[in-house]
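Going by the order they are written in, the chains are A, B, C and D; count residues from 1 in each one.
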């Protein structure tokens, strides 16, 4: 099976050069379900490009009959972010023009959907699938106003033009997978939304997940999922349990500016396994794997910020278990007040393990140093 | 009268060097009222430093008896922002480390104040001044948790450490004035909160103001004022009109990276006149001036963004009046597809006048070009 | 006459997007002479794009018979530089990856041409045209090693790949015109190489020129001209005066990030007039204009740098004449040592006029403030 | 022995805050010889700060009698570079204001010393020490003009003010050690100047060194050493061999943005051992260590640049030996032309070993990927 490859105009730069998105679509026999996978929304988070590239290779080996639904893949989905450099480093976490984080710009239908109660009343009579279809139609109509705005003489800032493109491609998907990495050095984990979706988490074969118990709809995964979760809740309130077949995942595969092969493999295997579980891939002789995953609340992750300026030394390495009071790292801190350099020790507030560490050992006061994940340690393998 | 000058440690950088805030305090006979004025929160918006410098000069000529209350002045209030350079330009609108806009980071008490109804019930018996005192106490207690957090081993990101300092200095003020400029090229105007404050706007001798009909509390002026406005409303709901003697102003004086002397003069004269009106300055033989000001809603300002990449030409200049359909500017747009360069015309959507224009005539698609203010044109002098 | 438009692949970015050069060629009846004009080598210096666009329009109105030779035009010749943003500003003077100034990267044949004496001996017998042809051939052969290097597995840094493209297009030109602007705010002027070329300067209708009495070959205009000047000198040394029909110009048209229409007009008119003078354009009824130009040495331009940090105020405006000792500007300088702000005055070291001023009035110690041109003032019109 | 700690004003920033240098001086009984050690000239190269900090600790344990001469230590010697951030990364290799590489700005006396022949003639009668003293005096007088220039109203750009400070502190040293790291990931090595100095290289206990067979005087180590090497040569030419007791070293300890403890230890031990060898440290019971070092020419190090944009994968790791033709790395390269992603293989041009690798696996065309050191492999241990 060969993918259909579509090249979409993104925007024109001052020089007259243009940036594009290139979409790879695998279309199965039936088009009942849609999977949307993108990577590299933040400029330094490149691992997902290899994951998508290997998925394209893998899907190309399949027969059309082995795919039920369609899979859209969008690697290097943010050219402005990916190509941005400052010194040798990929600084494209935020737009250098306006400072906006590329993953805090998305359009959240729930925020402007003021007739949800009404919608529920009108749709009580329908089955789940029709309800979803109707809700999607309504969302698309509201979303089309975004395009109208862009086409006005006053236009729209780049971030609105950009999100319009990504959300146009993904809004009608059933399963959205956005592949990120840490900006720093991190273990592999995923973000999971609460509800039915939690049951699917274990098919990604990733050890840890963060449960999105709070979300404001500005991130890509949130903007996709939040309206559907709101819809489910509204129906629940009136006593109707609908089965919304939508899931939104952010995979966090390893470290920024790196192409760690283990993280790539985990991404590829996990996504294939998940798609088999979801019935999108019908692979003969494939045995579905289910891996225990520890889902923790966002509150279990505590970031540590430098209490003063200096250089980090003797920091515990990734995955090290600590107990409250254990030394996490030292700062070698200089001064311009005539004193000798000092070494300052920073200790853990709680038990946990080292979840993420900064790439940069040089810190201004308030710079990020590491994150500790404080879960029930029995859960650790 | 000489100011008390206090130098406050802000943070230590990786090199061991430190940044400071330097506060100039003029203390009158009575300390009944406090005015807090700061400038240069955004790195390129430097005009306010000259305004504060001239205010220091002016206040130094006064006798203690001419000042009723105290005036705190904090010029160059954001060293990291002010000193930031990229090429020859002041790029300090957002932190180059995390992309955060320096004026969207502040702590908004209302968001965490969950006992407001209770507070109102308990304080119904008191007079306005006591209510304010009690509310301020409660706010300060909540705020002190911020410091606790900073002092934990996990610390706090720089923006939390920074806002703690600025808000510590200003939280108990009656009148807060935050002096900004456009990042680009703009007329002088101010931001005014709705309510009693609107009556004071005309004393700044500025022709235009934007009425803050919506605000989320993240900006400095908002974070100061939002809890007080919430308090007023709650009391109103139970039928009690309290007179909250708090006002929060953002003055927008001219253009970024510039020291326009007219904008400086307007700032200095306007602030003095306002302080006389407020009874903080008791100047003999001073005749209070009141200048008509046009207060418009935020919705009256429409930004125009480049529909494609290229170079802006033939743009209307600041303050030009236009009618809907009038040409506002052209883009000379190049391409890399084998065609001749094109000239694209962009026209006004509504009647109005040119309120702000970009410093940079080179635009990527979606870059900002100008802002149009669409007010009832009869109001223009 | 329509131009031939050629789109040349420049480089591929990490995202797989590509940047291009687009060349507009007007070919006359004879192809005896070649003119090469480019613009926007520094990202913020955009005026030349409008000049080239208007030249394309003008040349398109001509008949083939009115053009003797060929004119190659390359607007927006540096996509990486032009599209670079930091905050709202065009920061593309240097590459954000390696800090290299885009106009200090060029390949200077003279530096590697070790057989110049030999070449002169062998070519004494030829006429000027043949000598030039032979020298150009030799230069091209040496230059082709650059391409070989690029095509090696070890490749070449971006700047070498980039310069290869620009110099491939321009190396065999007779007249090279590179259109720049100030990064800051400046009058219109040009850079002129010494020798025969000085006589052509007055046809550009620009009031001032800087005579390139020293040059190291790293800038685009230098890299083109330096080998030819070296050749001329060598022949002169052996008593042979050859007439090298090569000229290299950098036009500095006005201010950065601006599209000043007067500067555009001066550029267009000046170039047309120059090309008529050079016999490339054969325009009936055209009266050649010759404008007095003041050519000064580089040493006549003195940059003033901030003696301390602060904000510039009361600076003299562009073109103001001064005498030694006159105040040029003030710095409003703050401190964090408990003192009042200070105003520091900076005075002219010599007589002259204000030639260029910084866009940014905020200065760290050592930041650029203005440039003074100290010429014999009688020369001023 | 306690160090004398001196805090030197460096420059004032726009905000009125100041940056400082803090110098730690250990003064022995005799002051016959001076050692000058600095670190962190490039913002991301922080390892040397730990080296200096540990040297301060070590020297503090010595008795005054154990030190013959004086040792000046300057950690975090470039606050502007060290504190610079872009996203989470230390981007301070070049000044974000003017793009100048912080280690290509130094003042090279040889370039302006036009009376060297004359000096030699006049000093033939003196002994080596007197000649050095006289030459240093002459150099200092020339250098003092730099200060005069800085103190003129026109001042000097920041880099001239900065280099003046560093070179003032180091110019009269006998042994200069400038501690750097790779901006990327590298083995430990050193830069060594040719001549007598080569015999001292082995005392640093570092396996590799690059012999500075070409240098232009712009780097810190070069600016110090170049005039002395020129002096030696001039004397040699007239048949006099003088013993110039000056050495200049750049140690490259490991990787950027890191505090690798092995690199720190190597730096500390190597410097102590070297200072013992030089007779500056007189440590009882200390056995001098001499470690074989492989000194290679600069030409033996070949940088590999990305032939196209994409993501690096399967790259050989640091220190891996390769033979010409072996695969070094792959680029996973995307396109926007409707094709599948490609994998491009890049092979070694010569035998050698992987000397340095880029931190960033995302490459625009022409970005740096790795460096290969092609030495006679028998020399490898």
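Definition applied: a contact is a pair of C-beta atoms (placed from the backbone, for glycine too) under 8 Å apart; a residue touches a chain by one contact, two chains touch by 3 or more.
All values reported here derive from a predicted model rather than from experimental measurement.
J.: What is the set of chains touching both subunit A and subunit B?
T.: Neighbours common to subunit A and subunit B are C, D.
J.: Tell me the fewest steps from subunit B to subunit D, where a step is a jump to a chain it touches.
T.: The fewest steps needed to get from subunit B to subunit D is 1.
J.: Can you check which chain pair, A-C or A-D, has more C-beta pairs in contact?
T.: A-D
J.: Indicate the whole-number Å distance between the mean C-alpha point of subunit A and the mean C-alpha point of subunit D.
T.: 42
J.: State, to the nearest whole Å, the distance from the C-alpha centre of subunit C to the C-alpha centre of subunit D.
T.: 35
J.: Report the inter-chain centroid distance for subunit A and subunit C in whole angstrom, where each centroid is the mean of the CA atoms.
T.: Their C-alpha centroids are separated by 47 Å.
J.: Which subunit D residues sit where two or more other chains touch them?
T.: In subunit D, residues 13-20, 22, 46, 76, 82-83, 85-88, 93-94, 97-99, 309, 311, 334-336, 341, 362, 364, 367-368 touch at least two other chains, as defined above.
J.: So with touch defined the way it is at the top, what topology do the chains form here? Options are line, ring, star, complete, other.
T.: Contact map by chain: complete.
J.: In the complex formed with subunit C, which residues of subunit D make contact?
T.: Residues 11-18, 93-95, 97-101, 152-162, 302-311, 328, 333-336, 341, 346-349, 362-368, 372 of subunit D touch subunit C in their complex.
J.: Okay, in this complex, where on subunit D does subunit A touch?
T.: On the subunit D side, the touching residues are 3, 5-7, 19-22, 24, 43-44, 46, 49-50, 53, 56, 75-76, 82-83, 85-94, 183-184, 257-259, 261, 309, 311-314, 332, 334-341, 358-362, 364, 367-368.
J.: Given the complex with subunit A, which residues does subunit C contribute to the contact?
T.: Touch list, subunit C to subunit A: 13-20, 22, 40, 46, 76, 78-79, 82-83, 85-88, 96-99.
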